[in-house]
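There are two complexes below, and they share chain A, which is joined by chain B in the first and by chain C in the second.
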Partner chain A sequence: MVSYIPTAEDFQALDSAREGDRIDRPSLSYWQDVWRRLRSNRRALASLSIVVGLLLFTLMGPLLWRVDPALQDLEQVSQPPSLGRYALVVADNTPAPTVTHTAISSAAVDREQAARNLRLLGTPHSEGVNLAWDPLPGVDAYQLYRHEYPPRDADDLGLPMARLMPQEISYRDLLGLETRQYYYSIVGVYNGKEARAYTTLPVVVEQAILFSEAEYRGLLSGDATPETAVGSSIRLESHPLGTDYLGRDMLARLMWGARTSLFIGICAPLIFVIIGLAYGGLAGYSGGRLDGAMMRFADFVIALPFLLFMILFKIAFGLGPGESGIGPMLLALVLLSWPATARLVRGQVLQIREEAYIAAARMMGATAPYLVLRHILPNVMGVLLVSLTFAIPTAIFTEAFLSFIGMGVVPPTPSWGSMCNDGIRTMLSHPHELMFPALFISVTVLAFNLLGDGLRDAMDARMRSGT
Partner chain B sequence: MRSFLSVFAALGLSASPPLLAVTPAVDPVNNEISISLEQEPQWLTTIKATDAESSIVLDHITEGLITRDVDNNLIGGVAERWELTDDKATFWLRKNARWSDGEPVTAHDFVFAWQQVANPQNAAEYAFLMRLFPNGAEIIAGEMPPETLGVEAIDDHTLVAHLVTPTAYFIDLVTFISFRPVREDFYRAQQGRYAADAVNMLSNGPFILTEWVHGASMRMEKNPYYWNRDAIPLDAINAPYITEDPNARFNLFMDDKTAIADNLQISAMKMAMQEHQKLKSFSDGTVYYLGFNYREGRSTANLNLRRAIQSVFDAAEMTYKVIGVPGNLPAYTLFPRWLKGDDGQSLQAQYPPRKPDLSVERGREYLAMAKQELGVEEIPPLTILLSDQPQTAKQAEYFQNVMARNLGLEIRLDKQIFKQRLAKMSAGDYDLVMAGWGPDYNDAMTFADLFTSWNANNRGRYSNPEYDALITEALQITDQRRRNQIFARIQDIIFDDVVIIPQYERGFIYAQDKRIDGVRRYHTGGDLNFNYTFIIDEDGSRGVPD
Partner chain C sequence: MGAYIARRLLSGVITIWFIATATFFGMHAVPGDPLLNDKAVTPEIRANLERAYGLDKPVPQQYLIFLKNMLQGDFGISFTQQNRRVNDIIAEHFPVSATLGVLALLFAAGGGIMFGALTALFRSRMPDYLIMFLVIIAVSVPSFVFAGLGQLAILRLNSLLGFSLLPVAGWGTVAHMLVPALVLGLGTMAYLTRLMRSSMLEVAETDYIRTARAKGLTPRRIFFRHQLRNAILPVVTVLGPAIAAITTGGFVVELVFAIPGLGRYFVQAVQQLDYTVIMGTTVFYGAFLVLMVIAVDIVYGFIDPRIQVSKSLS
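Right after this comes the complex of A and B.
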């Protein structure tokens, strides 16, 4: 029986690179998988875009919206959102128009008689409303009122503006004039008592700006002189989100305020998470007595009251009045917040340390740094990132709270918290001053929280098999 | 909006639970009204009281020798008539003045009370007032017994107060709470608990304090033994709420729980107008100003720096555009508009104050001179002390901006509570201060002596021999014409030397229930007085007390 003797040619070496069983889906790394999951979570994605938008608003905003957040536009105090109002340019230091007064025989004192001919002198504008009226016989004084609504009776004439001597039969109102309708009333005063009779004049106040102010703010063309510019109409700066109680632009203040809020919000968690990682990692990895001692110290730090330390640091820093408390705030946040992260990391490390693959790696001669870098750290990363995203809104909130109570930034530096504090005073009359900064705080905190939620879902290993 | 408000009112309520039955703002049936107090009165004894709330209550439950009518004219209180000479004041007391236990009020009660004010054991803040009388200064210093005070009761109904120097305004001054009577036997019987509670008090005023729940509420009822009880229309005044928050007090008013809301903020004024409430204005006589620290080494000790600030600070702009509350008036002098001159008009009309000629260029010239004199390239940042009131912060931020914009000066804000601000001022730990000064008595001297080198309230340590000499002279004469000339000269010194920069004379807007009238307000003593307040009948006529 002749059998075939195979030769070397009959054999062909298999290509070592060829795959045996082929999987028809692309292989995904852990982070690719997290991203895929996160992307399918619409809520988290929306939050992520808000966070990115916020960062752009903060970093790019002031470059595009070049308005000084400290500039006080007293012509437009507490204005609701508006785009470029027009204003009449008026001359500086115009004397109030004088009204000559003819003596009236005091024979016919009639307390039921209201002052006649209450009238305007000149155009009523926000730099002054000039009023005059005919004298009443026998009065001791005149009382002038200003109402924002039509008066109903003699007890409802609005704000008492001034009490004037009988020889004064004109008045210039300069007080906090807004561009709106006012109702001026004049009442005679006899023997210290106001008469019931009154005369009312409705006045619509126009927006105006002093020439010097317009010039200072560069609202006039270069060659404008008082002679040419006065009487013309110019466009004031626009305030898309309105102005605050000193006429400062809300949008600019929100942008600059975001810098403070986000600086604390991102820096503090970043630093204390790194400290917590190192501390917790070391405790967990070494275990034993060192672990016990380290964690007891962490417990001790957790028990320290934050606000007290914040104040102590402020003193220890030697900060004088009127100096920003941002430094001590950052320090206090970092020094007192790391134990939470440290505990989390230690727990994770303790668990991972006992895993079979760690034991296997160790038997194969892996060194400690290799184990930490290759196996432990990547496995801790997930929880760490989640705790970081949850720490950010907490820190932003803390900053807002501290600035709200006046422990944070100092005027004129804005911060969302201090803006809320300013806005709360005028909440009923000018709600936008409170609403915008409050909205920014709420949306930011919500966005970071939802993003953290989404990240946690995406990173949870037990949910990895799904979808 | 109503329901929105009541939520806030409810919040205000929870802060101080009303222990009295809920009383309406105005109760025509029982002839009572309700008010809110800002704070718990600190001391309800006239010997030690200093704060505004104590003064308000004490002005209802005690009466001095001289008092004021509803139009603030001086009228006899316990004293029926009086006589003031250069060296003494004599008071003849009315025989029908009684304490709330029916005993008569005698001259001995005044002598005892005034001795107690001077007694260093009581450490009364207003003890210095007793320096007016012989031995007063020595008693305060503990060098002589209180019984040696130069005030004597000739008999039960004649009181003689000897005066160290002629004091033109003594009759006006004697309306002050520290000059009220205290009955010795009752005071001693309380064994140190005098005026600690409603039961430990004896009244000689129109009202008696009948309930006092500390920190929560008070009730005052008409005093049946008061000599002039028929002139007092109300039967009781309730103070069921004590809260410092002006918004809470305004909301209590809007909810018809109190009859008056003082010190309205801009948003509250707008709300009150929307609800068609009656608004009134009141000037409390206080002048607010920018004070400087004159201590060695402070840049603010430099005259040209102060002139630079004076040249760019516009009091009118701040008053009208930043404060924006009617009743506040721009100030150009330390002496407010209500002070009287000697020719029938006001002191300001007689001696009109000079207004600074505002100019940024001149301000910068002064600043350049100041830098040269101080030998610095840049003026170091200046710290401005201010109170923790939100309105003050707004004014300070405005000032900060004006200085940065016109002079390039960096101003740092130092907000402090009142006591801390005073401590820092005394220690000289500031450059500028937003300060205010309210009158203690009805005379320009209450303002003028503020910057004498010996005045403890001259916390910036301004010192000017001419100023001191002028005040020393004015203190020793009663000739009103010469005194006013001196005050006019003081006014000039303050302007030329920029001792202070006046900012505004404070005014308030307050809302008053339309059903009441006769609320007395005055710029010294216990402001907000309801002794003559009455409830208007529904037909619009004046309610008649029964």
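Right after this comes the complex of A and C.
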């Protein structure tokens, strides 16, 4: 057998300019490729812009919309969204107009007769509705009712407002008036029993504000006096998204609530993913006994009843006066959620550890830190990022859920969950109080879910060949 | 098989013991105690109460007493509900939660399998897009919002019909359960639909489906006998965790619909630090979930003979 020993002449440098050997397209790193694929996913891109928009909304919003989220506006409780509302300025101490007469003798008693001429005195507004009516002969008393709907019959007259002496034929209603339509009914009382006949007057109540209240809230121009201002119409504070059951501005609460919800929703997953990465990475990399023991412990933490421990941790970490309860909730969420990530990372590391490129690197003398930082970590990163995007909606849900059952943030700190909790009580009469925070939670969770889907598609190597 | 079940049960018992221990000490680490909720009492009465409940003993000793009683199946007497045994509370209210949970699970599994199969059948066509859109909505809206909306829907429906078709809240008849169970099962249904869809699409690519097609089987037969049956397997695997999610997640629905389930008592007990009720419900739920997961694993072995139980041990 002739063995040929090659010499330097046998080799010849390739001409790099030769057609076919040149790399025509710019080479893309993994992350550049992921970004390229993500960018071509319209849904993921839309979600990304929603997330950015939400962050702007909560970070920039309170700078532009400078309304205190805890400020109560009791003139405007549970108002639906509107751009501006006007109110009639009324004097502070208007005496109630009293109309009296001497009782008509009981000679001609007609129990079937309803009171005549039930009428308004002055403009009906939210600071008082003044009613008067013509006397009925032979009554012992008058009974006044207020209803929110037209009464169907004498048994359906609504809220009993007052029982009046026969010589009093006027009444001033001040009881929790809202700007809406009411139906006032007057009934004669004979020998202690109410007659079946009644007269009803529909009244539309106008929004009004006391002069001193308007002055206090700075709604009047500087030189306004009771003489000039009373009777004029002024613009109340505007609440573009309406107000809640205490008259707090919904828009401001949503902005500040987003800070709570997004802070917990983003920070908690970020922290526990890092803890999980360290824990799972260590377990997976070291293997053997240590791995077994560490994973056993993680399994136990997973088995803990989540809600119970969430609440117990929250109570145990304590709440000083004036605290919002965000810190303990964050801590509890982190302490209970890291094992899922740790398991995921451990599985990945165990798999990557056996790869040929790790063996190759090891053979070339790579040290452990180099292996971890250069080979294992970058390869775990993709899965980790996807699990992070999916952990965010879960954390937002958990916060909302805890606040909903009243174990979350402490009032008056707003959060979307506690706003839902407030809103669900008034859901039937004022649906916007539930709908806005629920919408924000849903859109946020939706955006993060779709973003997670997009990221997974962009990173999943198995799907590469298909597209 | 027997050895496998025994091993799983043993590890389950250890898990429950761990949960019970962690809960016990966690609970006692919380400042305050259940007697604080009572009206102002004199120190003598308080001391008597503490003696009666055994709270005067050091915590480790209380723990041993608790363990001993738990092994005998006795969780003691509630602190906040006078003279009610925890065992009675569980016996009375768990069936309510369980009924609701089973119905919700039926909705979730039935709906999930059906919708998942439909999306795969109409892949990239209108029904697919529509169902997947609804699925995304269902996983993005918090359950308490769905509960509120469900209640609102019942009210509107009743006022539209002019008579009460479904009760708005409460418990007692099947009509009381329908909407709460649907609300409760919705999240799981969405999850199962997604899972079923990807599973169906995966099975559609397999060789045996191609073989079945090549043999000239009717599409109907291929769909039901070959594709659907195989695609259901992953759904069965997640039923264990799904049962957990549904039974423990039930109490939002119980709260909104005023259903006297165990979840409500659990949350109440945690808020009032009712030690015995917390321990009783926690251990009970823990045991229930552990058993469910084991049961699902065993059932899985029966459904799919390819899975060897002994193999999944290693």
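By definition in this document, the second predicted complex is superposed on the first by the 425 of 467 C-alpha atoms of A that agree within 3 Å, B and C clash if a C-alpha of one lies under 4 Å from a C-alpha of the other, contacts with A are read in each partner's own complex, and residues count from 1 in each chain.
Note that in this section a contact is a pair of C-beta atoms (placed from the backbone, for glycine too) under 8 Å apart; a residue touches a chain by one contact, two chains touch by 3 or more.
Here the structure is a predicted model, which is why all the values come from computation and not from measurement.
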Chain B versus chain C as contact partner of A:G176, first or second or both or neither: first
First (chain B), second (chain C), both or neither touched by A:A438: second
Which of chain B and chain C A:R39 touches, first, second, both or neither: neither
Contacts of A:T426 with chain B and chain C, given as first, second, both or neither: first
First, second, both or neither for A:F309, with chain B first and chain C second: second
Which superposed partner A:F397 touches (first chain B, second chain C, both, neither): second
Contacts of A:A70 with chain B and chain C, given as first, second, both or neither: first
Contact residues common to both interfaces of chain A (with chain B and with chain C): 427-428
Chain A residues within the chain B interface of the complex: 70-72, 74, 77, 146-149, 152, 155-156, 158-163, 174-176, 192, 245-246, 320-323, 406, 410-412, 425-430
Complex contacts: residues of chain C adjacent to chain A: 15, 18-19, 22-23, 26-27, 29-31, 136-137, 139-145, 148, 151-152, 155, 248, 252, 255-256, 266-267, 270-271, 278, 282, 285-286
Of chain B, residues touching chain A in the complex: 71, 265-271, 273-274, 276-281, 316-317, 320-322, 324, 326-327, 381, 383-385, 390, 393-394, 396-398, 400-401, 404, 411-416, 509, 514
Of all residues in chain A, those that touch chain C in their complex: 299-300, 303-309, 311-313, 315-316, 318, 393, 397, 400-401, 404-405, 407, 417, 420-421, 424, 427-428, 431, 434, 438, 441-443, 445-446, 449-450
